[in-house]
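Each of the two complexes below includes chain A, the first together with chain B, the second together with chain C.
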Partner chain A sequence: SRAGGDGKPEKFQPPPKPVIIDKQKQRAERRFLSPEFIPPRGRTDPLKYYMERKDMIQRRKVFNIPEFYVGHVLAVTTADPYANNKTNRFVGICIQRGGKGLGATFVLRNVIEDQGVEICYELYSPRIQAIEVLKLEKRLDDNLMYLRDALPEYSTFDVNMKPVSRLDHEEVPVNKLQVRMKPKPWSKRWERPKFNIKGIKFELPESKMKEAQKWSQPWLEFDMLREYDTSKIEEKIWKEVNEELKK
Partner chain B sequence: MMPMWTKSGKKHAVTLLKVQDCHVLRYVSKEESGGRAAKLLVGGKNVSPFFKPESACQIFKEAGVPRKQKVTTFNVTDDAIIKPGTPLYAAHFRPGQFVDVTAKTIGKGFQGVMKRWGFKGQPASHGQTKTHRRPGAISTNKASKVYRGKKMPGKMGNVYRTTFGLKVWRINTKHDIIYVNGCVPGHTNCLVKVRDSKLPTCKKHNKNPPFPTFFADGDEKLPEDLFDEEIFQFTDPSVTYT
Partner chain C sequence: MRLSVSLLISHGRVFRRLGRGPRHRLDLLRNLVTALVRHERIEAPWARADEMRGYAERLIDYAKRGDTDERAMRMANFWLTEKDLIHKLFKVLAPRFQPHPGAYTRLLQIPNRDALDRAKMAVIELKGNPLPPLARPRRDSEKTLLNQLLKGYREDSGLGAAE
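== the complex of A and B ==
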């Protein structure tokens, strides 16, 4: 109460209304820009990337390309003139996403009847009729080429797998699986620091691991000429792509 | 370069060529040039007029056009003469036509005989003394001289070369871009001369072009994108085989 009061009673001030913050809406809408939209560093005219982006957006309007990362299990149906039903369905784990622009590709790997099979599909090829995401999980690495030298159980996926249901607006789960490898020799020396692989359980002796560290290049992360900051470019392209897709 | 797919599902790599501020600069008649056909001088990309002498800018002043970076000549017949000063657009070409593209190749500098002429060189081991990429013998004993034009090391590249018979798949009239099949000499963003193909097999595909050229202020209104019949347009659903 105020010192040296008026004498008049104060008007009753009701307590402030509680502000309800809806946590669901506050969760920032997850922004995913497919990596092939980001132009590589070079001296090409940005007009070329603009024309490619227009074509990519046009294709995405007609055909839905879902959001997926390396490590997801996908089922792809393509048109095949030599198959029975004229369609060909392949299920596999995505081990690599490469290429920029319309030529973007992704490699799916599966082991069918004890034979490892890898197929490289082009995202924007008109022969692809459907892409379904069967299992969503990111892995610790961007490039799962080491699955070729891992035990085959890590690359086998059931061809008739049912899609695992998930809620939207949730973080994509990261599978911290450490894969066990076949005995050496491998196709590439995956223990070397240049590959920077975190998803392998190396059962090599300590001396081999120490010897592999001889090829480490600790100065690379401080090299300023290699820096390519794509955050601003991504913002612009994200806005542009979203606006076009909403039309 | 970017990929384009046909309706049968085949992929073709395509080069994008941009038509940037092209104007006709001067008409040179047959007698004046002393050749067999009349010539039209055409200029390319706009550039500032302040870094060259007045005499060099004379042609551009007469045509009423800003100074161009590149000036090329095209041999024309008498019925295809265009007035100097008219702009030329990408719609001058139509999808389905065949085209020859000329440009300066990428300069490689002074190069040895293996890279420049594709010689095989010598083996890497088995006793070769200091001889792995050399030309070997340059002439015979009987000739007792080296012939003119002998392939030897020298400056490679930075020369005008032409690729013939490239198909035009698509034309963008809004940005003046020509999508041409295959690869084209020169580095990215270099200046290029595009001409109707003179190969005899391409003559029947080049019938009925816009003659003498496509005039933007004319009656014809073109859509933004012109596609060849075989090209798969992304507005269509995916390709299926029956």
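== the complex of A and C ==
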């Protein structure tokens, strides 16, 4: 403070500049290429995948398909000629994403009135009118088919659930939930190492777990010709898709 | 008992069925890869050499990543049963093939084996090896009859045009 007879005015100190964190830029840094864009390894002509990609981008320009993984809870409204409002809304957890190109599908599961229901939707079907992501969370596995043999409480989701808002655009949270199963027999022997499931809490005796390990194939991880390195293909397709979408 | 039809159809399958099962197939190929890295030129049945070629080239691609890479070291440890060859792989073969982007091996067919099975044999070698060169088939040889006749025709017509 200016106490005393200080004739000279103090040098003006400007206030510290506020640090502006540009959320737009942060959002653009995170890359997510939907898995159906990556062509599988095979002898098909890449022209087929190129043409499908053009159609997929065209559809994405008209209709927004959000980024989602296996384990997210989605609400899908499709056009239904026999319903009251001509629309049909289904809420469920995504247990599997399959197919490549325009035929890409995802399976939603929910338990409605004690009956398990799974519906397989095609991402690029023109009957789909809206896809909303209600809950963002990844699970430990890529394929949650074991929920069919898990206790029904793990597959029930409220149909009128409100979307859980997520503000951080950085990481999708991974839910390390270990699911409890119904008593055996199951539809598939999930304890076998071929499925490589990490999201089940196995309450089987040790002898059963050891017997399941007999089917393990330790040489498979060293079989170099089975590896499919998609990083370069992904880079090219990412650039192509982004350029097209910006137009 | 229904024997599945799908086991007989092999559309799109890229791996051959060698040996007593998938584990044995990998063991056979592993022995061949070890021998190739040790001697740099081996004779083997053509089918086994062809299968082995892909694995040998991928092994060299892993070796190019350097021996500090954990995954490369584990792969080399699995694929080379004689552990002194791991050093040779990382210190001799990886620098030799550093400038090359792809094919590091050469597969050539040789006359059938003398044993009772008369198996189709091949010789597989790493390029740039210090052994004397193999007799590779040259397609466009000057000594073929057609090429000699064409050469004569060209010389005659060239002399005619010059005059």
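Structure notes:
We adopt the following convention: the second predicted complex is superposed on the first by the 218 of 247 C-alpha atoms of A that agree within 3 Å, B and C clash if a C-alpha of one lies under 4 Å from a C-alpha of the other, contacts with A are read in each partner's own complex, and residues count from 1 in each chain.
FYI, a residue touches a chain if its C-beta (ideal position, glycine included) is under 8 Å from a C-beta of that chain, and two chains touch if they have at least 3 such contacts.
Remember, it's a predicted structure, so these values are computed and weren't measured experimentally.
Taken together through their common chain A, the two structures put chain B and chain C side by side without a clash.
Within the superposed three-chain model, A:225 lies in touch with chain C and out of touch with chain B [touch as defined at top]. In the superposed pair of complexes, A:245 makes contact with neither chain B nor chain C. Touch criterion met: A:63 reaches chain B, while chain C stays clear of it. Contacts of A:126 after superposition on the shared chain: chain B is touched, whereas chain C is not.
Of the two partner chains placed by the overlay, only chain C lies in contact with A:217; chain B stays clear of it.
Look at A:161: by the touch rule set out above, it reaches neither chain B nor chain C. Which of chain B and chain C touches more residues of chain A: that partner is B.
Taking every C-alpha of chain B against every C-alpha of chain C after the fit on chain A, the minimum distance is 5 Å.
Common to the chain B and chain C contact sets on chain A are residues 42-43. Interface of chain B with chain A (complex): residues 2-3, 5, 9, 11, 16, 18, 172, 175, 177, 188-189, 232, 234-242. Residue ranges on chain C touching chain A, taken from their complex, read 12, 14-15, 22-23, 26, 54-55, 58-59, 62, 74-75, 78-79. Listed in rising order, the residues of chain A touching chain C in the complex are 42-43, 217, 219, 222-225.
Interface residues of chain A facing chain B in the complex, by the touch rule stated above, are 42-45, 47-48, 51-52, 55, 58-59, 62-63, 79-81, 86, 101-103, 122, 124-129.
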